[in-house]
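Heads up, there are several structures right after this.
Each of the next two complexes has subunit A plus one more chain, namely subunit B in the first and subunit C in the second.
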Partner chain A sequence: MTIDTRTKGTLTLLLCVSAFTLPWTVGALLLLSTFLLPLLSSAFRPISDRSRRAFRRFSLYAAVLAGVLILLNSILLREGTALFTFLGIPLFDGGFLFGVKTATRLLLLSFSLLHFFLSTPIRIIASELQQTRIPPQIILSLLLALHFIDRLPARIERIFAAQEARGAPIRSSFFRRVKSFFTILTPLILTSISESIDRGIALELRGFHSGVRLLDAPPSTRSSVILSRAFLTLSLLLILWRIIRWVLL
Partner chain B sequence: MGLVVEIRNLVYQYSPHLPNALGGISFNVLPNTCCAILGPTGAGKSTILQAISGILRSHHRQGKAEGVIRIGDVIHQPIPDKSQFPNVGYVLQEPEVHISGLFETVAEEITFTLRTLDVPPTLHADRVRRITDALGLGHLLHRNPTHLSGGETQRVALATILVAEPPILLLDEPTTSLDIHGQMRLYEYLRKIKQTTTLLIAETNIDLALFVADYLVVLEGGQIVFNGTKAEFIQRIADFSSILAATEWHDILKSIANPRTRAEKRLASVLAK
Partner chain C sequence: MLERVKSVIQQEMSGAGLPFVGFCIALNLTVGQVTAGLKIPLYLDSVGTVLVAVLVGPWSAIITGATANTLAAVFGNPVMIFFIPVVAVIAGFTALIARLGWFRTWYLVILGGILQGVLAAVASAPISAYLFSGITLGGQDFLVLYFRSMGNSILESVFYQGLSSDPADKTITYGIVFILLKNLPFRLLSRFRGVTNVRQALSEPSHDDRHPN
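Take a look at the complex of A and B:
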């Protein structure tokens, strides 16, 4: 199935909105369907080996995080009856259900976004945003933020390698790695912000201004316009429905 | 053709709590000549280039400037308040920031500059080919610009600016990421474009600066301690040994007396002239 970036973007928006507006059972079904998306359409397949690796790694972390979330809720929210005991600690069904609901919502949100960003080159996102008449400066800020996220793992690895070269046992254990990560977090963010500013300056030095088209985007087809408008309308209706329900109840 | 750059009594202070980064400096760079700005770290080399390019004013709003900068026939008092591109091309010290990350090939990255200038698309391929041939980038045209070596990134960064054919080119330590062959190649190229471009180069590599510069300005603590021709600089070369790196001076004096490498022989022949 051929799906263009605009349709993909609005579908992602709809899935994100669904995560917080529809019942969690529907959310769970939608979560399962996000895993089918790459099988149904090449538009949702990762664009590179790096993206594929990132998806696998993220899936693993997400599964661990969901497990921890459900476990903690089952232990801490002492509602309903005890389902079973884990290392001598009782797990309650009320907390378990709340954990499953929360994990489902978070996973649907994160996997929808992940599928979109791992299957869409930054330049295509830029050209599509440009077509929506968003000012180039805002698009550029978004791109710089995406660029920062893109380069973050490589930058962390480089700092870790430099620390290791100086004899610091960074990778000796999981906890040391986590501790080291927090130590480098502040300088990492500050240097990245500084680099983003420099990138902005470099673009200004190349004559970038508000009238410049970043990229030439292919014209949208009629079907993609209809589909993307439908997804956008559905998203807005879901938000509206949620607000009305919240006000009335 | 290159344009004149004239700086008169330029004073710049980044913030009221800091001492002046530039303390009333004046110098001229004539069209189609090259001026090398030398000095230790923090002397104010980059500040001068940023002031001329226009980004100093636009990115340091709290900074205070006095003086005059003339670029061609346009007088900016005290300094330009926006980017002077394409009249002034400025290549920053960190070449990787010139790679936008928006494009998949080096050719597209360089072409983007032409798009910002509204150059007709029919001319893009020719302009890009000319600059990439001159900088030896022809084999990289279809490579991803974010996956290049330091030297290649430096040359692509330069190409993104030079493709606009700016009459004034500012280079902030352009040889930092280049090996000796890359440095010589770049300076050979700069000597060539000097025929049509005014060059200002902030450089710590003194022997390379001498290779291409007609005038030299030596800065220390935001003040000019030397402003003159290459010949005058060489006559007073010993006066600056305390300001600039001693090891470099030792190397320079040694290479003038007894040139061994290709670069040293070239330097000795340039200085002999």
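Take a look at the complex of A and C:
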């Protein structure tokens, strides 16, 4: 069965809601299952080598940080009894459990969002957003942002090189470096405002503001509509259950 | 109500406003490259949002911040997506004080930055505490843990952490935007709706405008 963007989005929403509403043990199982998603469906596989590298980098970062935070919580939150000593420092079970619960929730949240974003091209997300009747200005600003994100690093590099050639104190003392921050940022903003004016005129000349559709979205299949509605209903039920529990207890 | 918001967004994002919003979203995400290149220990990840709030308008600033946070989630920091309400507070407050003319005077900019920092700390504390128990996979987590080890609750610890870093960060961001806008030529700024937030219309040209050659 093919999984489209809407189904993926609602499944991600369900996983995020589960992270906040279900017990941490269920969250831990769901976290493990998120790692199976790319194996089970090609729709959840990273779209490029860059995405794959980003996923690997984040996984390593999250694993190290989660480990450090569990350790620090165990040391600093002196709740419950001492589990064992690490380099002569006692580790408390209250802090340890708090660290594990928080890390599980955070990792489930992070990995479910990351799986969605790294496996879905922004263009597809934009076309789905357009179907939900979001103003085209917002979608175009997102697409323009992607264009600028691609170009800005090279532009910044060029300005750095030019200002350094003119004798700007880029590798000098801290205060002089702070001063040269403006010598980099001012030309960057200036050129971008000029480009914005040109692009604004071009958009108006093409009648953009009279209301246009930017992208065509593929039609949803019946199975994907049913699945996405089921995920959405489950998410709402979980939120409702959590609110009722919170009010009653 | 929704139709009214859509029409305001359409008005704000006419002309150069729309491409400028796109640029400022990218600026929020890439300004770190400039600070890293100069080895300055600052984040400044809301410079673009503040620029849009002053020059374009509140709704565009909210869109700028929300899109930048969503893209930050795409690029490997998924937690950022949950802090979109904080961005909305930053954008709304900045647009309000800009409309009141605070971005014309340096001491009001500093005051605005401090107030904004406190407001950002207040807005982000419940999200950070209740959704993430104070841990958001960032360097500030260690500060939260430090405050917790002093016997404070999670909410208090997150709030103290926010208070210890946000006012300074936001004041510096406001200061940078103020200096940038003071240095930009009036003929470019006049393309934006919010030019009167920065300078008295036509009465206060910058040095470049007085001596164009």
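One rule holds in what follows: the second predicted complex is superposed on the first by the 174 of 249 C-alpha atoms of A that agree within 3 Å, B and C clash if a C-alpha of one lies under 4 Å from a C-alpha of the other, contacts with A are read in each partner's own complex, and residues count from 1 in each chain.
By definition in this document, a contact is a pair of C-beta atoms (placed from the backbone, for glycine too) under 8 Å apart; a residue touches a chain by one contact, two chains touch by 3 or more.
Bear in mind that the values here come from a model prediction, so they are computed numbers and not experimental data.
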| item | value |
| --- | --- |
| Touching partner for A:153 - first (subunit B), second (subunit C), both, neither | second |
| Dominant contact partner of subunit A by residue count, subunit C or subunit B | C |
| Partner chain(s) touched by A:195 [first = subunit B, second = subunit C, both, neither] | both |
| Which of subunit B and subunit C A:203 touches, first, second, both or neither | both |
| Partner chain(s) touched by A:166 [first = subunit B, second = subunit C, both, neither] | neither |
| Partner chain in contact with A:126 - subunit B first, subunit C second, else both or neither | first |
| Which of subunit B and subunit C A:222 touches, first, second, both or neither | neither |
| Contacts of A:135 with subunit B and subunit C, given as first, second, both or neither | second |
| Footprint overlap on subunit A, where subunit B in one structure and subunit C in the other make contact | 122, 143, 147, 195, 197, 199, 201, 203-204, 209 |
| Parts of subunit C lying in touch with subunit A, wherever the complex brings them together | 6, 9-10, 13-23, 25-27, 29-31, 33-35, 37-40, 51, 63-64, 67-68, 71, 73-76, 78-79, 81, 131-137, 141-142, 145-146, 148-149, 176, 179-180, 183-184, 188, 191 |
| Complex contact set, residues of subunit A against subunit B | 121-123, 126, 143, 147, 150, 195, 197-199, 201-209, 212-215 |
| Residue ranges of subunit A touching subunit C (in the complex, touch as defined) | 20, 54, 57-58, 61-62, 65, 69, 72-73, 76-78, 98, 101-103, 105-106, 109-111, 113-114, 117-118, 122, 135, 137-138, 140-149, 152-153, 156, 160, 170, 174, 177-178, 180-182, 184-186, 188-190, 192-197, 199-201, 203-204, 209 |
| List of subunit B residues in touch with subunit A within their complex | 53, 55, 58-59, 83, 85-86, 89-90, 92, 94, 97-98, 100-104, 112-113, 115-117, 160-161, 164 |
